[in-house]
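The structure that follows is given in the form of C-alpha cells.
Chain naming follows the written order as A, B, C and D, and within any one chain the residues start at number 1.
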Amino acid sequence: MTIDLGRGLVLRNPVMTASGTFGYGEEYTDFVDLAQLGGIIVKGTTLHPREGNPYPRMAETPSGMLNCVGLQNKGVQYFIDTIYPRIKDFDTNVLLNLSGSCLEDYVKGAEMVDALDKIPAIELNVSCPNVKQGGMAFGVTTTGISQVVSEVRKVYHKHLMVKLSPNVTNIAEIALAAEADGADSVSLINTLMGMAIDAEQRKPKLSVITGGLSGACVKPVALRMVWQVAKAVKIPVVGLGGISNAIDAVEFMLAGASAIEIGTANFIDPAVSAKVVWGINEYCERHGFAQVAELTGALL
Amino acid sequence: MKQIVDFKLVGKQDFGRSALLRLHAECALPDMAPGQFVQVRVDGSPSTYLRRPISIHDVDFQNHEITLLVQQIGEGTRHLASAETGDIINVVLPLGNGFSMPEKGERCLLVGGGIGIAPLFYFAKVLNEKGIRPTLLLGGKTESDLLRLADYQKLGETFVTTEDGSLGEKGFVTMHSVWQKQSFDKIYVCGPKPMMKAVAKLASEKSVWCEVSLENLMACGLGACLCCVEDTVDGHVCVCKEGPVFNTRRLKW
Amino acid sequence: MTIDLGRGLVLRNPVMTASGTFGYGEEYTDFVDLAQLGGIIVKGTTLHPREGNPYPRMAETPSGMLNCVGLQNKGVQYFIDTIYPRIKDFDTNVLLNLSGSCLEDYVKGAEMVDALDKIPAIELNVSCPNVKQGGMAFGVTTTGISQVVSEVRKVYHKHLMVKLSPNVTNIAEIALAAEADGADSVSLINTLMGMAIDAEQRKPKLSVITGGLSGACVKPVALRMVWQVAKAVKIPVVGLGGISNAIDAVEFMLAGASAIEIGTANFIDPAVSAKVVWGINEYCERHGFAQVAELTGALL
Amino acid sequence: MKQIVDFKLVGKQDFGRSALLRLHAECALPDMAPGQFVQVRVDGSPSTYLRRPISIHDVDFQNHEITLLVQQIGEGTRHLASAETGDIINVVLPLGNGFSMPEKGERCLLVGGGIGIAPLFYFAKVLNEKGIRPTLLLGGKTESDLLRLADYQKLGETFVTTEDGSLGEKGFVTMHSVWQKQSFDKIYVCGPKPMMKAVAKLASEKSVWCEVSLENLMACGLGACLCCVEDTVDGHVCVCKEGPVFNTRRLKW
C-alpha cells in the first residue's frame, strides 16, 4: 500500500490523521496501533505559545461541528523539548502542523523543525480561520501563499506539505502558487468558516463568534476542491474533509488524492483510522487494484 | 486502558425527565474510578453527530455492567432516555480523572445539584467500601428532581434542599443548615455551574478543600481536540483529560 | 410581521421560498396557502430557453443534497406568455429569479420583466455554479458584480435583489459592490459548489461532475456569511441556506437578515414554509418582540 | 389533492430482502391511481435527508390503508423495511400520473422485473375491477424475487422467468415464450431500466403500444426541483410530475 509523496515522505498506506483532531497520537494509542497508519499530523504548532480562544470552542451542527480552538499550543520550543522525545519513536510518520501569525514566525519555526530527525515533513497551515492574525491571511491569496511558501522553502529541506483553505474563490490557483514556490505536496481542505447561534440565548455559540466547520457535512465541498486541485497541479494532493469511512477515503483518492487524512471522524469512532486502512485494502482487492496508489485519479 | 465497548441495555428505570440505564457488556470492564465518565454514541442522526459525555453512575464489575443516569436536555439525551431494552449502545470508557480519594477518617461532604448527583452515587459507594461514610447534600428544583433518594440515603447521611420547598429545606444547597451545624474536611461537588461556584465560594470562605466536576462541552473526550478547556491557573486545560474533576484552587473562578 | 425591503417590496412576513425549490408555487398549493408567505421566488429564468444538464442531476449528501439542474427553463418570453398569467394573482409577492450567461441577456431579461405589473422584484442570480458560462462568473468578482448590477439597474426600476455566491473568498466585498452599484437588497447564499462520487461505479454521481450543495449541512456557512454581509452593507439582507425550521430562520434574522428564504427543506416537508411563519411568530411572542423586524441583528 | 399523511404501520410481511408494509391513516385517503407513487420520510438520519419515492402497491380506501412493497437497496429502504408495527411513517401522496387505462376488450400485458412488480399489483386489481383481465409476465433473478406470486396469479394469467431457471422459464422476460404465442394491444412495464428498454424495443418491433414506469432519482417528487428529468421528444421532463409512467414513443431510448 506504500505511497511515496516525494522528498523522503513515504507512507506505509495512504491514511493519516488530521492536525488538531488526533492530539499527539498518544491520546489514541488505546484504540489504534499507530504503526498501522501512514502517518499522524500533530496539533497545530506556532513559534510562540498560544492560549487559544476562550471557552466555548465548539458547537455541533447538522452532520458536523464548528470549532474555534484558535491554535492553543505551547510553541515550537516546548514541542522540541517535551513532546518530540515522547513521540519521535512512533512507528509511523509524524508530521508537524506549523502555523504562524507572521512570515518570520513561519520561517523561524520551520528552521527549528528542520533539525528534528524524526519529523519527515511539515504541514504548513496557512488556512486556520480561527485566529485573528492567523495564517489564513496567507492562504487566501496567491501572493500570500507564494510569500510564505518560498520563504519557508529556503530554510526547510524536508517534505513541505501546504494545507489549503477552502474559503477561497479559486483553490486551484492557490495550489498552483504553492506548487510554483516549492511545495512538495498540498493537503486540503482545512475547515470552512461558519457560525452558530443559540436562538434562545440570542448569542453566538462560539466565544469568538465564527469557527471552522468540519465533519461529514463538508465532504462534498472537500471532494470537489480535491478534484479541482488534482487536475491543476503535478505535486501530490492529500485529501481530507469529512472522511468517515473507507468508501469516503476511496472517493477522495478517485478524485485525485494520493493520500488522505481523517479528522473529526476520530472523535466519533476513535478507532476509525485503522478501519479505513483495512477498508481501502478491501476495496482494492474487490476492484482488482494491485497497488493502492492506482486509485489516485482512477475515476472512469 | 480506554476501550470502545458495545453495551446492551438490560435494564431501565424511568423518572419522567430522566432515566436510569443499566448496560451490560460481553467482556470484562476496565478499571473505572468514581468521577470518571464515558462518551456515548447516540445514533446516526444529524443532530447527534458527536458522542455525549455521561458520568459513570454505578459499576458492577462482576456482571460487566455500568449504570448511567441520563437527563433529557436535547436530542441526544432524549434519544438515550428512550432507548429500549435490548438496544446496543456504543460507549468509549473510562475517560478523565475521578475524584481524589480522601484519607480514612476525613469527613467528606458530597454536594449534588440536579443531574449532577449522577457521579456521586458511585463515589459514595466506593467511599463506603473503603470505610468512609460520606455526608450527602442533594439539591433540586423540586421533589421529583431528587432521583434515587432512598438509595443515596443508604450510602451516608443525606440532606436535601429544593427550590420550591417540596422536599427537605427550601432554597439552594448553599443555604442548607448543615453548613452551620457540621464541618467537613473535604467537599466534592457536581451540578450546574452557578451552584458549583456558590459551593466553591462557601468552601473557600471556610478554607475547606473542595473538588468540583465540570461539564464543559466536549467533542473528543480524549484530550485531543482542545474544545473543552477551562481557564485555570495553568492556563487553558482540557476538562475531559485533566478533569472533569478539579480542585477549586486550580480554577479561575 | 410586515417587512419592508425597500423600493416597493413589502412582505407580509419575512418568509419566502427559494428559487428552484418551489417551482412556480403551483406545485405547493396543496400544502401551503401561499397567502401565508412573505413571497415566493420562482425558478431560475434565462432570456433564452435552456434544456439544463443531463440526468442524473442530484445526489444526496450528509444532511444535504447536490444538484446540477443547470437552469432548465423555457426562457423569459415563455414565462411572460404562459406562466405569468397563471401565477400573477397569487396573494403573495412573486419574485422572478433571473439568470444569464452574458451581460446582454441579463439586461434584456430584466427589461422584459420590468414590464410585468405583478412582479415586484427580481432576484438577480449571479451565482449559479451549475452552468458553464453561468452567472457565477459575474458573482465571484467585484468587477463582475458591479458590471451586471449597474447595467441591470439602468433598465430595471423595481426592487433589485442580488443573490450572492458563497464560493468566494470575501463575500462582504461582493455585497458592497452590489450595494454600490444599485442593488436594493442582497440574498445569500446560493449553493456551495460540491461533488459526489459513486465509489463502486468509480464515477461522479452528477452528469456534469460538480453541483451545488444545499440543505441543513450548509447552514453554518450561510449563517456566517449573512452575519458578515449584514455588518458590511446598509441595504437589507435576505438570508438562506439550510433553513429547516423556525429556529433556524430566527438565527438568520438575529445574524442580520431582514427576511429569509426556505429552499431544500420544502422537499422534506412541503408544508414547512407556513410552519416557519407560525414558528417565528411564536418565538417573537415568547421573547417579547412586538415586531418581527426587531429580530434583525438582535444578537446580544 | 396531494396530502402529507402520518400513517401507522399496522401490518408487515417480511420477504428477506423485501418487506410488505401495510399503512393505516386516521383520515380518508385521497384518490389514487395505479402507477402513482408516494414520497416516504424515512427518519432524521443524515443519509436519508430526502424522502424516498415508493410505488403504491395496493390501496384499501375503505380502511384508509395503503400497502408498499419495499426492497432494501440502501440506508433508506433498509430503515423502512425494518420498521416495526406501530411506527409512524410520514408520507406525501399521491404523486405523478398512473398508467393509462385500457379500453374494455384490449389485451393487456403487464411486465414486471424485480421490485418493479410493485405497482403492477394495484394496477392489475383495478383492471380486474373494470372487467379487464390482464396477462402478467414477471421476471426475477431467482425464485425468491417473485414476491406474492400466488396473489398476482389471482389477478390474471401469470408467466414467470428467472435468470437462474429456478422458477418459470429460464432467462429474461423478453425471452419468454409467451411473446411468440400471444399478442397484446397494450404493454405496461416496470422494472430495471435495461429490462424496460428491452421490452420497449420488443414492443416497438411488434408495433405494440407500450408504457413504462421510470424510477429516476428524485428530490421533491412534486415537479418543483427538476432533478428527476428524462430526455423525451419534448425535451427534459420531470418523471415525478409528467411520469413516472411514459409511453415509450415519447422517450428518447
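The definition used in the following text is that a contact is a pair of C-beta atoms (placed from the backbone, for glycine too) under 8 Å apart; a residue touches a chain by one contact, two chains touch by 3 or more.
Keep in mind that what you see is a predicted model, and the values were worked out from it rather than measured.
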Both-way neighbours, i.e. chains that touch chain D and touch chain A: B, C
Lowest number of touching-chain links that must be crossed from chain A to chain C: 1
Separation of mean Cα positions, chain D and chain B [Å, integer]: 54
Chain C and chain D: spacing of chain centres that average the CA atoms, whole Å: 36
Rounded Å distance between chain B and chain C, as computed from the means of their C-alpha atoms: 48
Multi-partner residues of chain D (at least 2 other chains): 46-47, 49
Sequence positions of chain C contacting 2 or more other chains: 61-64, 216
Pairwise touch network: line, ring, star, complete, or other: complete
Interface residues, chain A side, partner chain D - complex: 62-63, 216
Contacting residues of chain B [partner chain C, same complex]: 46
Chain D partner contacts - residues on chain B that touch it in the complex: 43-47, 49
Residues of chain C that touch chain A when the two form their complex: 61-64, 66, 140-141, 167-169, 192-197, 199, 201-204, 209-210, 213, 216-221, 223-224, 227, 242, 247, 250-251, 254-255, 283, 287, 298-300
Chain B contact footprint on chain A (complex, rising order): 20-23, 27-28, 30-31, 43, 51-52, 54-65, 67, 69, 72, 215-216, 264, 266-271
